[in-house]
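Here subunit A shows up in two complexes: once beside subunit B, once beside subunit C.
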Partner chain A sequence: MMHPAEIEFLAENEIIQIVPTFNHASHVHLICGSYGPFRAGLPLNVPIWVALNLRQKKTCRILAPDWMTVDKLQERLEEEKASKFFTQLPTNYYLEITQMLLTVASEDIPQGNDIKTAVKDLWDLRIAKLRSSVDLFVKEGRVQASLNHLTPMEINSVRPVFPDTLDALMTLHEHINSSDDREDSSQSSGATPSSTSFSLSL
Partner chain B sequence: MYETVFTALFRLRRLKSLGRLGKHSSKTNKFKFQSSDRLTAIRSLLEKLIILFILSIDILNKKNYKMLFSLFPLTAINNSITIMDIDIRELIDDEDDENQEEMTAQKVLQNVEQAWLNEKFSPEILPHQTDYVECLLEQIKGMEGNLAKLSKTDPKVDLHKLELERIKFVITSYLRTRLKKIESFCVRVLEEEATRSEEDKYLSPAELQFAKEFALNADNHFDTILRHMPQLYNKLDRNKKIIEPNLNSFVFLKCNKHIDSVIIKNTLEGQEEEIVLEDNSQHLMPYSSVAEFVKNAFFIQIIIYYLCYILISTPSKYFNIKNVIYV
Partner chain C sequence: MNFCRQTQSNSKTKSFNTNSINLKSSRIDSVASLDDFPFTKKILTNYLNEILILRCHCVEPRRFQDNTTNIKEINMYRNIKPHYFSIDAIMAAQEKIQCSFIKKVEHVDFLDSIYSDKDEESDPKIELPLWMVKVFLVGKSIQFDMPKAYNEIYRGVLTADANVVDLFKLCKHFYLFGKFLSQLEHREAYEVRRTLIQTFIDRFKQTMDWAQNIDDNQPCFNRLDCLERLIFNDARVAQQHLNIYLTEGSGQMEIAAMILNYRKRKIHESRVLE
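Let's look at the complex of A and B:
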């Protein structure tokens, strides 16, 4: 459905701080907004794709986002462990941003390797949670789930398989129901869950 | 409405012709007023006129402005009367600003990006957003023209080029997704399109032409092949050709706006349930439950956009502000 690179593309629109090493007095009027002025040594906000482009030309230094420190990530991890549901993260694209920044600008980010591990831990934990929720969801035969705070990349990791499974299940049930109706309309399935809405997270 | 505006204008002109409006100063092209109570009288008259005028703008189609002004030779008054500090032009500009604010290039880009994602994940084809796409293409064209003039050493050239590439990617991906859907559900799409009125067509004219040609070619192709088949198999039933999107397929969605009630059909238990979609919440549910909201949200945007698009691209085509309003 969606290539991970396309999610990375979306993540590149997020705003990040850089410190340019060149001077450019006027604003750069991009279609997605105006950014500037660029003054050597003074931090400013730009989209990540601008930051990466400038960094690759070695004309700026990228400042790691606030959440991208080992301590902060550990905190998040503990919170995630303690909560039954998915917790809200500082950004929707934590995995992609970490990946991009560490690939292009690993020297700008202190403790890069530790951060990478911490992010991976967080990802693993959330994916494990997601998988068990999906399992429960399919087994209980619900039709609606709320998925607050799940990030696009996480959703994408279950995207083609999970909805397709549900589609197939629904089609099967429709067939069963329609043949049931023909045979015996009064006979209804006994054990039905009282509430049909299901929460992966609240 | 016309009548009231006319009467007001007429009275204004009579005031002027009677020389009661004040002394004309050729230098500033403004009238100077002698007494303050006369001024207030005229001011109230004018305010009334302006209100009527603005009302008429709201009510009338924008194209009709020209006609309106040709009916009332405002230009005649325009050259000689500039009254006080009320400037209709400002009022109108304000109005336009409100519309334009909705539609900066940035906003158009966001809309196209959203349309792209929606198109990617919805099982059926959605109403086209050609207006936005064309607006963006125009922007790109303009930007490319500007870039050609800049020197290559300018640090911003690279950024602009990169951005253009990014936007082009979104646009092509969006259009390609639509074409793919048209190809898959060709017969179905054409049938549905035929039932829709001119204003709410889902396909753009170009896409419609593509769909028709595609259907024709596919038919021709089947005909040629089936001619060589045994008699028993050489007919193709319409129902066998048709491929329909599964509207009940599950989609992940994020809610941009609070929706009070969404009905979800539970095929497992044959019941319906109602849920509330809160702002910014994310859900997984069958597409059919939210299909209307996905389409309608865009429909509203199209309307706003239509007005603004004209303003962005050709501000003076339909209505020459400078000539007319200097009441």
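Let's look at the complex of A and C:
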């Protein structure tokens, strides 16, 4: 199981556009890539963690990603409602990115509160869908499911429950099969079942 | 710890059982309680201690501090399957079953010092723990009735609506004990197995919903079987993390202890060099 903060850490590597207010002629070389040059007023791509850091020092302005507008999010929401399966989202970390940008740079993003509500709606809808499909999966005893377009945070919400549930079910089933074999063999041997060996270990 | 709580409750039920048997017949009470098998009890106690020590060594729960709640443990290596050292499995094997001997049983006097010279033939009903029944069944010298939670009436109740049943009250280790029972040779074993699986499937959605949605879930928690409680607790902890993350954010990142120590050592080494 991952902690939500760990998933946020992964989300911080996503690329975002910023407009710096300072000049730095050379590239900055990082493990995740080289970024630059920084020119005041000209937008450039950096990872989110760099953007947040610069924003906290008030040396840049963050440009909201394309999908982060109320209209776009409503569109996604309608699409998600209409579809039986999970739809593809513009980014795998929509919840985390919204959360991070709105805490640090709420002034840079127009209609921040509406965006927050829309993202929460989208999340709730997808989680409800996920939970009902998990339940269906267990109820009908299916053996495979495709998890297309699920985001890490959503998967993490069922991760602590789902494998253990399947494990418990498998343990119950497993022993049914072995006992069925035993029954078959005892039936074939006639009315008096032959002495079968019991395992005495727990 | 989980284990201490269970032993207490187990000893309570044990003494209760002994009392109830005392009323019925004066002879059976000596067999019914584990206290009367000093040898077995000693082995079992040593065994439990050993398990406790082993568990403490093997499993290192990751600890961290939450802002709103106390220190929580995440056990990443939870094992749902009953294994040799599983305390739940041992406790489940301790549950009593009503049974009667159909054959004369000999050479068990080392278990029961009081009735060392008597046979167990043609006894009326007697209550034995599951692990003993298992041993006697190998010699086909015993037959047993399905315990209350698994008899035809309760199977009907569970099939009708498993969600309303208070499983913990019915049987603490409903699934494990049921599983062990259905491994024994009994005419109802097959139905018991089917009921177990169906009950688990039917109750799963409810367990998940309770864990993820309700804030005050003690009353719900009390109705779950031990196996369901494991799943419930995991889901609960994860949901709390998510809620805290959504309301308060992830907080400041900290420098790992390893890096800090490494730095200290570096400084120390450079000083020594100077």
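Keep this in mind: the second predicted complex is superposed on the first by the 184 of 202 C-alpha atoms of A that agree within 3 Å, B and C clash if a C-alpha of one lies under 4 Å from a C-alpha of the other, contacts with A are read in each partner's own complex, and residues count from 1 in each chain.
In the analysis below, a residue touches a chain if its C-beta (ideal position, glycine included) is under 8 Å from a C-beta of that chain, and two chains touch if they have at least 3 such contacts.
Keep in mind it's a predicted model, so treat the numbers as computed, not measured.
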Which of subunit B and subunit C A:H173 touches, first, second, both or neither: both
Subunit B versus subunit C as contact partner of A:V50, first or second or both or neither: first
Touched partner set for A:T59, first subunit B, second subunit C, both or neither: first
Which of subunit B and subunit C A:P160 touches, first, second, both or neither: second
First (subunit B), second (subunit C), both or neither touched by A:D135: second
First (subunit B), second (subunit C), both or neither touched by A:P4: second
Which of subunit B and subunit C A:A145 touches, first, second, both or neither: first
Which superposed partner A:V28 touches (first subunit B, second subunit C, both, neither): first
Which superposed partner A:P110 touches (first subunit B, second subunit C, both, neither): neither
Doubly contacted residues of subunit A, that is, touched by subunit B and again by subunit C: 1, 9, 141, 159, 167, 173, 196
Touching residues (chain side subunit C, partner subunit A) in the complex: 74, 76, 78, 80-82, 84, 86, 89-90, 93, 131, 134-135, 137-138, 140, 175, 179-180, 182-185, 189-190, 193, 196-197, 200-201, 204-205, 208-209, 211-212, 227, 230-231, 234-235, 237-239, 241-242, 245-246, 249-251, 253
Subunit A - residues contacting subunit B, complex: 1-2, 6, 9, 12, 22, 24, 28, 30-33, 38, 49-50, 53, 57, 59, 141, 143-150, 155, 159, 162-163, 166-167, 170, 173-174, 177, 189, 192, 196-197
Subunit A - residues contacting subunit C, complex: 1, 3-5, 8-9, 99, 103, 131, 134-135, 138-139, 141, 156-157, 159-161, 164-165, 167-169, 171-173, 175-176, 179, 183, 193, 195-196, 198, 200-202
Subunit B - residues contacting subunit A, complex: 105-106, 109, 120-121, 136, 139, 143, 155-156, 158-160, 162-163, 166-167, 169, 173, 246, 248-252, 264-271, 273, 275, 281-286
